[in-house]
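Beneath this line is the structure, given in structure tokens, with notes to follow.
As written, the chain order gives the labels A, B, C, D, E and F, with residue 1 at the start of each chain.
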Amino acid sequence: MARTILPFGPQHPVLPEPIHLTLELEDEIVVSAVPALGYVHRGLEKLCEVRDFHQMIQIVERVCGICSKIHAMCYCQSLEEMMGADVPRRAKYLRVVWSELHRIHSHLLWIGLFADAFGFESLFMQCWRIRERIMDINEATTGNRVVVSVNVIGGVRRDLSREHQTWIGEQLKLVEKEVLALKSTIVSDYTVKSRTQGVGVLTKDQAHQLGAVGPVLRASGWAQDARMLGYAAFDELDFEPVVEVDGDCYARLAVRFREVLQSVDLVRQALTRLPEGEISVPVKGKPNGEIITRVEQPRGELMYYIKGDDTKFLDRLRIRTPTFANIPPLLAMLPGVELADVPVVVLSIDPCISCTER
Amino acid sequence: MFMTKNVLKNLFSKSATRLYPAEVRAPFKGFRGMLENAIDVCIFCKKCQLACPSQCLKVDLKARTWECDPFACVYCGVCVDVCPVASLSMRDAYRPVTGEREMIFMQGAPKAVKEKKEKKEKDEA
Amino acid sequence: MTSKFLLALALTIAAPFIGGLVTGIDRKITARLQSRYGPPIAQPFYDVLKLLGKDRMVVNMWQALCPVVTLTASALCVFLFGMQADLLLIFFVLTVGGVFLIMGAMAAPSPYSQIGAQRELMQMLAYEPLLILVFVSFSMVTGSFKIADVYAYGRPLLPQLPLMFIVLGYALTIKLRKSPFDIAACHHAHQEIVRGVLTEYSGPNLALIEIAHWFDVALILGLCSLFWSTSALGAATLLAGAYFLELVIDNVTARMTWRFMLQNALGVGLALSVLNIVWQSFNN
Amino acid sequence: MNDVITRITMDELPGLAQKMFGEGQRLATLTAVDLGDGTLDLLYHFDKDLVLSHYRLTVPKDAVAPSISGVYFAALLVENEIKDQFGLNFSGLALDFGGHLYLADEVQNAPFCKLSLTKKA
Amino acid sequence: MLEYLVFLLVVLPVLSAVALLCIKNEGPRKSVVIATGAVLAFCSLALFAGGSFQLRPQSMLGLDPDVLVTGLDFALLAVILGIAVKLKSPLLIALGLLQILPLGYFEYSFARHAAAGPSLAADNLSLIMVLLVGFVGSLVCVYGLGYMKEHEAHLGLKKTRQPRFFFFLVLFLGAMNGLVLSNSLAWVYFFWEATTVCSFALIGHDGTQEARANSVRALWMNMLGGVAFALALIAVYKASGTVLLSDLLAHPGGGASLALLAAFFLLCFAGFTKAAQLPFQSWLCGAMVAPTPVSALLHSSTMVKAGVYLILRLAPAYAGTSLSSLIALFGAFAFLTTAALAIGQSNAKKILAYSTIGNLGVIVACAGINTPASIAAGVMLLIFHAVSKALLFLCVGAIEQRIGSRDIEDMRGLIAVMPRAAALTVAGILTMLLPPFGVLLTKWMAIESAMASPLLVLILALGSALTVVFWTRWAGLLLSAPMPAAGLVAPGAAVQAASMRIPMTLLAYGAVLAGLASPLIYRSLAAPFVSLFYKGAAYDVSAGSFASGAGTFSVYPLFLLLGAGFFYALRLARRLPARSASAPYLCGEQTGDAAGNVFRGPLGPVAATPANLYLSAICGEEVLTRWINVIAMTMLAVMFGGIL
Amino acid sequence: MSLTDWINKGRLKSPWVVHFDCGSCNGCDIEVLACLTPLYDVERFGILNIGNPKHADVLVVTGTVNHRNKTVLKNIYDQMPGPKAVIAVGACGLSGGVFREAYNVVGGVDKVIPVDVYVPGCPAKPESIIDGVVKALDVVKTKLGLA
């Protein structure tokens, strides 16, 4: 039978970021998908040779604009551990607040884009409307909507005032209310279900063998979340990983939807337990040695490998981003789905190409 | 179908749209907008240049110039943090759009003049 | 006869303005449903005027040819409607427009417009039988396929053909490219096939297709109004209600796949039609 | 670093991959580090239940390392990335981008190697 | 005069065929074929000018014509039996015997007692058929001249087999003329069998294994019809004491007896087999292995048309019976299902074949609906379909010879390679598909005339929606080419031999003009036939519009307005400067190559190739055919059971 | 008013946008998308994110140009029918931003195609992007000789 060969991307309206898939289709069913990367590759790991390790904070933040805070946090945690800094508890709690705020806005953004991928424009609009509240919180507390730049080695740059704390609490209440108002649409709507259930199934074994991380892994039944490692203040907060078992796009949607509510709860917890004290300590010396650190990004487990050789320039910086790990599972999910479901499946891993290619 | 309630509610309530540019929200306190240098205060110590992750600043102590490439600036505010004399600051307004390439070039007063001026001020005080 | 002709001519001239206006209101209400402020009502006209002024860009000459024929056919449909002509004939002329739109899209050796064209074919496959069935049900009630006889019938058709109105609603959703059936080309670009059948049409050619779409909108509204042909007020209420419902459905559903459309639209549509027709024949 | 890093040789690698796969270990990733003396460190990171284990394989730059993408499909991307950035060849790659996973022709090969300290082309 | 014309129409092809069998050179062959074609065309016109007639030839070659035909009939059956024996097929032998024995019984026990009547007769239906054979058939034969030369060159034959080919091809025309002009069913039966044999020989002409297998299938399926026909002869005679069509149709609508209805069913069954109606569609699809002129001939003016001719011809006799309604349903069902099957096909000839079966289904349905309007629709569809379908087959033949494939996927962008053939194909498709052309007009007539039966309307409507799919995509992909640098025609475009090009062009004009002339065709061809058997005019034709109580179809206004739009568009498109050409959208990765569809892929340049949707899971032959056949056989059984 | 005047009016009231992310960190991308959402709703100005260069009037580019996507950017620009305008958004689109010195980075958008409006910021605020489109319309006005 005749096959369609279709270039999917790099410039494509459903892909916010440039990635290319050469799709082979038969009656609009995907037979094979070969990816092409490199449209966002900048080579910023290499920049550690010309930027000192302090400057690199701002650069790793720009690995990804959606989870900038978490990149910087992971980087700072690595160097703090390597250089033996004792980060104040208040800073740890503040890191949790901002990183969970990032998770909320990232997941809301994703649910919106995902809805758009299956043509549910009004849901997209509602999600992004709610998300603006989080963006306002970011802007008011850090000075920028997106790239918050609050991490330094040894703590955080900005503190939360009392007024901010109450205001965030009020905003979160609204966010929670508005998100719950969308719950029935997101998790029970017939059209949403029929576009996502059974699409792009990744079985429990497959998910693990192909190295999936984050919500993709959890949607396939693995209770694995790097926050369980207890970095920052997560060891002091009540928290259960969100797990679904079906492994399809609907399960991933459900995981992320529940994680929005979970993160709202985590921010609340962190704010109520927020200890008083310093927000950063000065860290002396230069990085030396090797270290591997993991944190949980909205998209999954983020891994930093840093090797220092006692100069102000790092010897090697390697960033294994969650999308990088989720692309092989994606390639395994694509064959057999309909063309109309390709954006749904691609978005279901919440791809962050600028993370992947750095 | 569960969305029906939601959209109907939207229809009968005010739209969420902020009618920018007719309606401009006051900026949040501490917004990291345009980078500004109070050139009279600047001591051309180069700390900002060394700290700048984007390396968009160029300071020349001898010529007493402070240059910034506003197109490369990433508004991280690190330079403001490291500035020992607080000559650098970030305004709470974002940089306006432009049709031309821009460059910020600031020429400080010659050191002698400046010191004289400072001395005079001290004397007056 | 002359007055009928003049009326039809006037309708044909007015149709694109009606269609454009309806599209404008549609966009405004859609925006409001999404809690947005929305574009001005005249926005569709601005869009088309702008498109008319763009440089011509085609993949080959058929892309310039086909929109003109599509527009001609769509205008002709409205004219025939104004002449109160044969519904089947209008339907066939409507097919001419669809076929040429698809041929033009297929004339570009571009995978996106080709896939869009294939899907447009699937859409035609789904709505054409439904439209014919609606017309058949008219003919069963009025005894002929002529619109004139619908008006001559003297009673509104809706009470006798309630299910057929729903069937027409299905066809309408597909033809108006509304979610869940905005499959071949959707009004928003965020679709996996990049506006599908319209991908390769640009500038003035796209403008012509848009105008043809306005004619189609006017025609479809006209067809809906036949269900309450006895009073202008009744027809207007019915239209406004139906169109609003259409907008709400557009905003509360995800886009479905063409496989679903074939199964669902055809399946449910056929079932409803059979039900209504059987019921109708018992009534007679 | 707190974690233990086990040294392995090139011959042990395929067996190791099989063993880890059999044990239900997830391949977290590979990391390549240029040691500056013509050799590269390849670090294989495995994860099971949030516990990482690492294996270090030191190879000369001109060697051909066996690909584990046959066992762990997930290794495909990272091995191609290392091929791009360090010029290290792998045998038996499941899908070989030929050093052009990220890089267009304009960029000099193996930009991450220390001896070929490249700036922009 | 009349006798000479009839003689020329029936016997001249036989004589020419014999001559062609002996001619080994191309030149004389050309002259004979063209001359025969011209004479047939002229004679058909002359015969048509003379109008209806009834004729009883007194003697032929000094023999009683009835005796002569009977003799020939037995001879022909003997030939068939011989073929069957040679093929060592028990089925064929059985079918052969099942024809010889009833025929013998018939001749022995009844024929002698039959009152002598006009064994030849023609009304407008017959004359239309003769015109089609004369014009379309002849054009196909002329086309065959150019085609076969190329065909044999392609096959690399050492010794030409064209004499055999043209022998059967031209013989076919004679047999067909004989069939439609016969008034005695016994005569019809003889010619009926003659077409079977001719088609068998032509389908198997290339001698490949596939060709032979398919020719055998065609043979046994048609022989099945032959058996039914032979039995019908007996049944008809037993029930009514006559085998003359004119007598059988003398009292249209006058309730036929059950026995007679059973006989009609048998005749219709024979018609179904010949018209390749379900479940006998496979022989026509298999016949595609034959050289294209054969397919064109089988589909347009001969063979399958003989089947529907018989059904249409008998329609008045079974009007108002449940048999009639079932036939209508049966035909409509064939239309719907073959349209679905055609969607599943990428083989151009198969698409055409299924479309033929479908259109014949519509004609059958029209016969079954059995109102003046529907009969008029059936007769007119016979004409329009013949012209358009012949054109399409000839085009596909020419295309296949050039590109070496009959897969529509391989025809993408044909407009750049074979501009003329591609344009003619598109024209042919549009005449099959769109208003205001004839085929669609008749579909409109069919649907509106079926108004009494919603189920029928439903099936016809669904079917006509399905046809849009496979026609439109084919027409579209032919045009799918990048813009040539200058003008419409790319350099190095192919030109066919005159003997192929001229018939194609003439048929294309014919198809378009026939559409334009549809009011005229209705008035002068269809309406007189309908009025012979039915009361009341079907349509009121004025100012180029067909009007009835059910609706109106304005042919001239549509032609005028759509035509104006089309020609304006064409002018606009032709004036487009070459600089407005742009590469198709390939997500920004186009490489700017000449073909326009190559993009930069992950591992190097890739050509973006589109393919059609074939809905293979729903419309695939292997999926649908079994169900369709079961349903069709059930319908046949119900039809037969219903009568008993 | 002549047809040309009407068309010019349409041009200023209906800028359709195609957005191409060259190599952005997503920050600016998301802010471009945020412009479509209820809070900012650029459809007020007739702006549609049309996604297809053949339908678009304005090309919005975010991110640094790198060696692989520079041809893509050029291709997209070439496929837009005139009159058209280009907006570069964010520090990366303007100059390459923090990544200027990375080995795979070519630099700002204006190294590949002519840019009409620069929208600074890291990332640029949605308000700023709206300003950018309004400014682009001014540019179009000037190009058409209407200013």
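In the analysis below, a residue touches a chain if its C-beta (ideal position, glycine included) is under 8 Å from a C-beta of that chain, and two chains touch if they have at least 3 such contacts.
These numbers were taken from a predicted model, which means no experiment stands behind them.
Chains that count as touching both chain B and chain D, per the definition above, are A, F. Listed by label, the chains that touch chain B and also chain C are A, F.
When every chain is reduced to the mean of its CA atoms, the largest separation from chain B belongs to E.
Between E-F and C-F, more C-beta contact pairs are found at C-F.
Chain centroids computed from C-alpha atoms place C closest to the centre of all protein C-alpha atoms shown. A centroid comparison over C-alpha atoms places E as the chain most distant from chain A. Chain geometry summary: the mean Cα position of chain C and that of chain D are 57 Å apart. Centre-to-centre spacing of chain A and chain D amounts to 25 Å, using the average Cα coordinate of each chain. The distance from the centre of chain A to the centre of chain F, with each centre set as the mean of the Cα atoms, comes to 27 Å. A straight line joining the Cα centres of chain D and chain E is 68 Å long. Counting partner chains per residue, chain D shows two or more touched chains at residues 102-104, 111.
For chain B, the set of residues that touch two or more other chains comprises 1-3, 7, 15-17, 19, 53-55, 74-76. The residues of chain A that reach two or more other chains are 4-8, 10-13, 28, 34, 38, 41, 43, 46, 58-59, 62, 120, 122-123, 125-126, 129, 147, 185, 189, listed in rising order. Contact between chains, per the stated criterion, is found for A-B, A-C, A-D, A-E, A-F, B-C, B-F, C-E, C-F, D-E, D-F, E-F.
Listed in rising order, the residues of chain A touching chain D in the complex are 34, 37-38, 41, 43, 45-46, 49, 208-211, 224, 226, 228-229, 289-292, 294, 301, 303, 305, 307, 315-316, 318, 320, 324-325, 327-329, 331-332, 357. By the touch criterion given at the top, residues 4-8, 12-14, 28, 115-123, 125-126, 129, 185, 189, 191-192, 194-195, 338-343 of chain A touch chain C in their complex.
Residues of chain E touching chain F in their complex: 582-583, 585, 587-590, 600. Taken together, the chain D residues at the contact with chain E in this complex read 97-98. Chain F contributes residues 18, 20-31, 33-34, 36-39, 49-53, 63-64, 66, 68-69, 72, 76, 97-99, 101-105, 122-123, 125 to its touches with chain A in the complex.
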